[in-house]
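What follows is a set of structures for review.
Both complexes below contain subunit A, partnered by subunit B and then by subunit C.
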Partner chain A sequence: MRLWSRHPVLCVIVAALALGSLASLIPSYRLFIVGQLAVVIMVTVALAVLMGGAGLLSLASAAFMAVGGYSVIIAMTQLHLPLLAAVPLVVLGGAALGGLLGFVTLRLAGFYLAIATIGFLQVLLQGLKHGGALTGGAYGLVMPPLELPFLPELSVESVAAIAVSLMVVTVGGAVTTMRSRIGRAWIALRDNEAAAQMQGIDVRYMKVLAFAFTSGIISLAGVLHAFLLSGTNPSTYTMSLSIFHITLVVVGGMSGSILGAVLAPLILFFLPETFSALGEWRDFFYGTILLLTLVLMPSGISAGIRSVAIRLAGPRARRV
Partner chain B sequence: MSALLEASDLRVSFGGVHALDGFSVAVDEGEIHGIIGPNGAGKTTAINVLTGFVKLHGGRVRFGGHPLPGRPHLIAQAGIGRTFQSSAIFPDLTALENVMCGGHRWSRTGLFGCMVRSKVARAEEAELRRMASVWLERVGFQFPHEAPVRALPFGEHRKMEIARALMGKPRLLLLDEPTAGLTPTEVHLVGRLLKALRSDSAHPLSILLVEHNVPFIFSLCDRVTAVDKGATIVSGSPAEIRRHGGVIQSYLGNEGAAEPQAVPRRGETHLAEGTPPVLEMRQVEAGYGRVKVIRGIDLKVGAGELIVICGRNGAGKSTLLNALVGQPRVLGGQVLWFGERIDGLSVSQIVRKGLALVPQERGIISEQSVEANLKLSTIGLRLRRAEYRARRDSLMERFPKLWERRTQIAGTLSGGERQMLALAKALIRRPKLLVLDEPSIGLAPTIVEALAGMVADICRDGISVIVAEQNVWWVAPLAQRAYLLESGKFIAEGAPEDVIHRERILENFLGETDTDEMPPELGPAFAESPGAEILSAQRDVHGG
Partner chain C sequence: MEVFIGGLAIGSIYALLAIGVVLVFRATGVVNFAQGELMMISAYAYVLAADRTDSVALQLLAAILAGAIGGLLCYVVAHVLLPTSSRIGQVIGTISLLVLLQAVARYLFTDIPLRAEPWLFGDRDVEMFGISVAANTLLILAVTVIATGALFYWQGMTVYGRAVRAVAEDPWRAALSGIHVASTLATSWAVGGALAGIAGVLLSPVVGVFPTMGVDVIFPAFIAAVLGGFSSILGSLIGGLALGLIQTYAVVTFGGTFKDAVMFAVLLGVLLWRPTGLLAATAGRRV
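For the complex of A and B:
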C-alpha cells in the first residue's frame, strides 16, 4: 500500500507487464475475448470517472470509440503515420474533441446533457456512414498491417495482450486521479456546485477536463478495439453500445469508485461471453445477472463491496 | 486605513421584489463584523452577492481596493471564503478530504501530475493532508478524520465547513448562520475559535457573519450592521446597536401598530374535565437516527384551542411538529388522539384521522396551478365532486385572493399567497387539529396581521391550532397557552404573557451584557450538555 502511494507509476508498469505477459499465455481463441474485455474495462473506467466522479451523463462513449478506431486507420493509411505516432495523436485528438463537447454542453446537466451527447453520437455516425472514401461508408475501414520498429507484424493475440497492459495503466491512472485534488474537485462539483466554487474550483474548467480525460481514454479503447477486429464498421458504434457501457457504470456504482467499474464488465461482459455454450440463452443470462446485482447491491458493486468490507473490518475500513 | 471589504448601496431584485435595496457594509482588516436582521431581511442575499452567486443590479463592492471578480471561484481565489446556511458538505468524501478540498485554491498540480503522482503532487498532497487535519483539530471536530461524513450530526458538518473555508487561507471569511443547529457548548466553542483566528498574527483574517443568535453576535463582534427589508438600518458597536430603536422595532415589530387589532382576545380554556383532549403528548421523545432532538415533551390541546410553541432556531420545534404526524417516528412516550394512541401509525394514517401539518416550506407543489394544488390535497378523502366544490367555495370566501388566482401556477405566487394556499390546502381536508410550522417566515408585517385574523377565525370554527414560531408577537395575544422550547425540552409553559414576556424576548434576542462569556443559560435544560449526548449516540451508530 505504501509502495503504491509513493511510486504508483512503478507499480502500474510492473502490474501492466505482468498481466500482459500472463495474458499472452492464454490460448488464442480465449485471448481475443480477454482483449475485448480489456477494452470494455477501459471504457467503463473512463465513464465511471465522468459519470460517477464528475456527475456528467454521457451517451457518447460509442462515438469516441469510433473516433479512436476511424482516426487511427485514417492516420496510418491516408497520412502514412507510423503506428507509434498515430496512437498518441489519436488519443490527444479524442481528448480535445471530448473537451470541445464538454465545453459546448457546459450549460446542460442530467438528462439534457445525456440527450445532447446522443445528438453528438448520431451526427458522428451519419458522418461516418456518408463519409465516402475517407470513412469507407457503410462498410467501414480495414486495418492496415500493424508494424512496429524492430518487431514482426503484430498479431491479434499480441494486440490483446497489449490491451490488457494498457487497461492496467488506465485503471492505475484513473485511481490516482480520483484520489488527487482533481478527483476530489470532480466529486465536489458533482455533490454541491456552489460549495465547490467557493473552494476556488473552476467548475467549468473541471467539467471540460473530465470530458477530455474520459474521451482520451475511450479513444484509446476505440483504437485497440479496431486493432482487435482488424477494422471498423459503423454498425458497431451504435447507441446500444453506449447504453451497454452506461449499464456497466451503473452496475459498478456511481460513486466515482474505480473498483466497481473493473468488476462490472467481468460479471456482465466476460461471464456471458465465456459461457458461449448458452447460445440463445446468453441474453437471458445477462439480464438475470443484471437484475440480481442491482437488486442485491442497489447502489452498485463498489458500494456493495464497501458495506461488506465495513461489516468485516469495522468502521475504519478504507474507502475502496 | 481603508476597509478590506466595502459594499455600498447594493441593490438586487428578484422579479420585482427588492431583496437588497440600499445595503451597505464595511469590514476592516482583522475585524469581526456581524449582520443581524429579521427573517427575509436580505442577509443571505447579501452574502450571495459578495460571493458572486447573485448578480448585482446596483451598487458597488470593493475587496482589498479592487472590484470583485465576476465568478464565485475567482472570488474564492481572491481570498474570500464562506460557509453556507444549509449544510454544504461533499457527502461521498471523508471529513479529511472535505477539508482538503478547501486547499484547491492554492494547490497547483495539473491532471498529468495527479495521474502519475509526481514529486510535486505528492508534496502538495501531504501538505493538504497535514493542514486539513490541523484545521479539523482546531475547530473541535469530534470524529475520526477518515469517517464518512454523510451520517455525522449537523454540528459536525458546520465545524467541518468552517475548517474547509479556513483551509483556503482566506483574507475574509463569510459565515452564514454558523451557530444554527449547534448546541450552546458548541456555539461557545465556535465563538472562541473565531476570536482566536482573528488574533492569529501569522495570518490576519477578517470575519463577516450573519446570525440570528444575537447574544452571540454582540459578545463576539467589533461592529454590527443591522438590516431590514434589504437596507442597512445602522452600523456600529454592539452597544450602539442595542440602544438603537429601529433595530428593536425590526425584530419585535411595531409597538401597538403591528398588534392585531380587530382580533378578539383569547377565551377561557376549553380543556373540559372528563372528555379527552384532541391531542395529548406524554413524555415524547423523537429525533433522527438515534439522536434525540426532543425529549420529555408533555403537551395537551383542547378543542378549539390555540397553542403557541416558541423557541430559537434549532430548538427542536420542527422536529416536534413533524413527529406529531409520524415523520420522524416517535422514539419514546405516547401521542394520544382523543385518548387513542397514534404514535405507531404511519403518516397517512395519522393525517387521515384529521391532523393537518403546514410545514415551514409550505408544502406547495409549485409546478401546479392553485386549483390543482387544492384538488391534490383532497386525494385520499374520496370526495364527491359536489362536496369538493362546496368545500372549495367556502374556502374561497375565506381566501378571495386565491380565487382570483386559481389558474395561476403556484410557484409564481407571492409569499403571502403561498401561505394562504398552504392554509387552504390543509383546511379543505376539514382537519380537527391544524399544525403550523413558522407560518410567518418570509411574510411582510401586514400579511402577518392578516394571518393572525385567519388563525383566530379557524379557532372560532372549533379547529384546534398549534403554531410553532420564532416571532411570536402576532400570535401570542390569541393563544390560550404557550410553551418555550429550548434544546428539545419545554423549559416554560403557561399563559402566553408569562411565557413570552416581552422583556424575555428582548433579553433572548438582544442580550443584556457585553461580556466575553455567553449569556447565562436559560434554564435547567441547558445543564446537561446535549453535545456530549448527541456525540455518544452517534458513536454508537458508527460502531466506534
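For the complex of A and C:
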C-alpha cells in the first residue's frame, strides 16, 4: 500500500506489463474473450467515474465506442496515418467530442441528460448507417492489417494482451484520478452541486472534464474492440450495449468505486461468456440482474465486499 | 395537406406517449423509460385479442388493460421494490423493465412483425377540404385530442387530480390530509400505461407489432415531453404534434436519413434556448 501511494505510476506500469505478459500465456481461443473482458472493464470503469463519481447518467457509451472504432479505421485507411499516431489522435478526438457533448448539455441534469445522450447515440448511428463510403453503410468497416514499428503484423492475440495492459493502466488512472483533487471535486458535485460551487469548485469545468475523461477512455476501448473484431459494424453499437454497460456500473456500485467496476464485468460478462451459458436468455439474465441489484444491493457489490472485508479484518480495522 | 395530416397523426402517437410519461413524472418524479414497452405489450394484447374475438370493444379493452397492468408493474418496480432508492435508481429500474419486457416479447413472439387490423374505419378514405385522407389518420388525431382533454379535466378540475398534485408536491403532508398516497401513485402509473395502450392500438395498424416498436418511438416521445416542459399535459400534446410536423416535413424535404438528426437538433435547441419548455413562462432554472 505504501509503495502504491509513493510510486503510483511505477506500480501501474509494472502491473500492466505483468498482467499483459501473463495474459499472453493464455491459450489463444480464451485470449479473445479475455481481450473483450478488458475492453468491457475499461468502459465500465470509465462509466463508473461518470455515473458514480460525477453523478451524470449517460446512455452514450455505445456511441463513443463507435467513435473510437470507426475513427481509428478511417484514420488508418483513408488518412493513411500509422497505428501509433492514429490511436492517440482518436482518443484525444473522442475526449474532445465527449467534452463538447458535456459542454452542450451543461444545463441538463439527471434524465434530461440521459435523453440528450440517447439522442446523440441515435444521430450517430443514423450517420454511420448512411455515411456511404466513409463509414461503409450497414456493413461497417474492415480493419486494415495492424502494423507497429517493430512488429510487422499484430495478431488478435497480441491485441488482446495489449488490451489487458491498457486496461490496467486505465484502472490505475481512474483510481488515481478519483483520489485526486479532481475526483473529490466530482464526488462533491455529485452529492450537492450548490454546496460544491460554494466550496469554490468550478462545476461547469468539472462536468465537462468528467465527460471528456470518460469519453476518451471509452473511445480507446472502442479502438481495441474494433481491433479485436477486426472491423466495425453499426449494429454493434446500439442502445442495448449502453444499457448493458449501465447494468455493469449499477452492479459494481454507483459510488465512484473502481473495484466494483472491475469486478462486475468479471462476474457478469467473463463467467457467462466463458461457459457460453446465456444464449437466448441473455436479455432476461441482464435485465433480471439489473433489477435484483437495484432491489437487493443498491450500493453494488463493492459496498458488499467492503463490509465483508471490514468484518474479516476484525475489531482493529473497524475503529478506522 | 396529406403531409400535414400525416405529420399530425404521427405527432399524436408521440403526444400520447409523452403525456403518459409526463403524467407519471408529475405525480412521482420518475421518468418512465419503459413507456414504449408498455405500448408494445398493449399492441400485442390488441393483436392477440383480435385473433380470439371479433368484438372491437373487447379488443380495445384488452389493449388498454394490458397497458394499465404494465403501468402497475412499473409502479411495483419503482415504488414497492425500490422505495428507498434514489430517483436515478428508480429510473434505472424502469430501464431494467424495458429490457425484460422486450426480452419476453422476443421470446414469445420472435422479431417478425405481426399485422394488426385498423379498427372502426378499416382502410376507408374520407374526402375533406378537396383531398382524401385516410380515415384512420383522422381517428388517431381525434382519439388523442379527446384523451388529452379528458386527462386535462381529470388533473385540473377534479378532487382526485388535485390529490395527485398534492402527493407530487409533498407525499407526507398529502398523507396527513387524508390522501392515500400509494393508490394515488398507482393510479397515475396505471393511467399512464393505459395511454400507452391507446397509442399501441393506434400505431400498430400503421407499423405492425414487433418487440422493438417501443424503443423506436420513445425518443421522439421524450422530445415531445421536453418541448412541453415535461410537466404539462397540454404542452406535451402541442409538443408531440409540433414534433410530428417537424419530423414529417424534414423527411419530405431532406430525406429519411436526417430524421433523427433533425429531432436531436430540435431537442438541443429547446433544451438550450428554453429548458422549461416552449409553453412555460420564462421561469428560473429547474433542471
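One rule holds in what follows: the second predicted complex is superposed on the first by the 292 of 320 C-alpha atoms of A that agree within 3 Å, B and C clash if a C-alpha of one lies under 4 Å from a C-alpha of the other, contacts with A are read in each partner's own complex, and residues count from 1 in each chain.
Quick note on the criterion: contacts are C-beta pairs under 8 Å (C-beta built on N, C-alpha and C of every residue); 3 or more make two chains touch, one makes a residue touch a chain.
None of the values given here were measured: they were computed from a predicted structure.
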Look at A:213 in the shared chain and tell me whether it touches subunit B only, subunit C only, both, or neither; answer first, second, both or neither. first
Who does A:82 touch here: subunit B (first), subunit C (second), both, or neither? neither
Check whether A:177 is in contact with subunit B, with subunit C, with both or with neither, and answer first, second, both or neither. first
Does subunit B (first) or subunit C (second) touch A:196, or do both, or does neither? first
Once the structures are superposed on A, label A:105 by its partner contacts, choosing first (subunit B), second (subunit C), both or neither. second
Applying the document's definition of touch, where does A:9 land relative to subunit B and subunit C: first, second, both, or neither? first
Quick check: in the complex, which residue numbers of subunit A touch subunit B? 5-6, 8-9, 173, 176-177, 180-185, 187-188, 191-192, 194-203, 209, 213, 255-256, 314-316, 318-319
Under the definition above, what is the set of subunit B residues touching subunit A in their complex? 51-53, 71-73, 76-77, 81-82, 84, 88-94, 97, 100-107, 109, 111, 114-117, 121-122, 124-125, 128, 144, 146-148, 164-165, 168, 542-544
Within their complex, subunit A touches subunit C through residues 55, 57, 104-105, 107-112, 114-116, 118-120, 122-123, 125-127, 130, 239-240, 243, 246-247, 250, 254, 280, 282-284, 286-288, 290-291, 294-295, 298
Sort out for me which residues of subunit C touch subunit A in the complex. 31, 77, 81-82, 84-85, 87-89, 91-93, 95-100, 102-104, 106-107, 215, 219, 222-223, 226, 230, 257-261, 263-264, 267-268, 271-272, 275, 285, 287
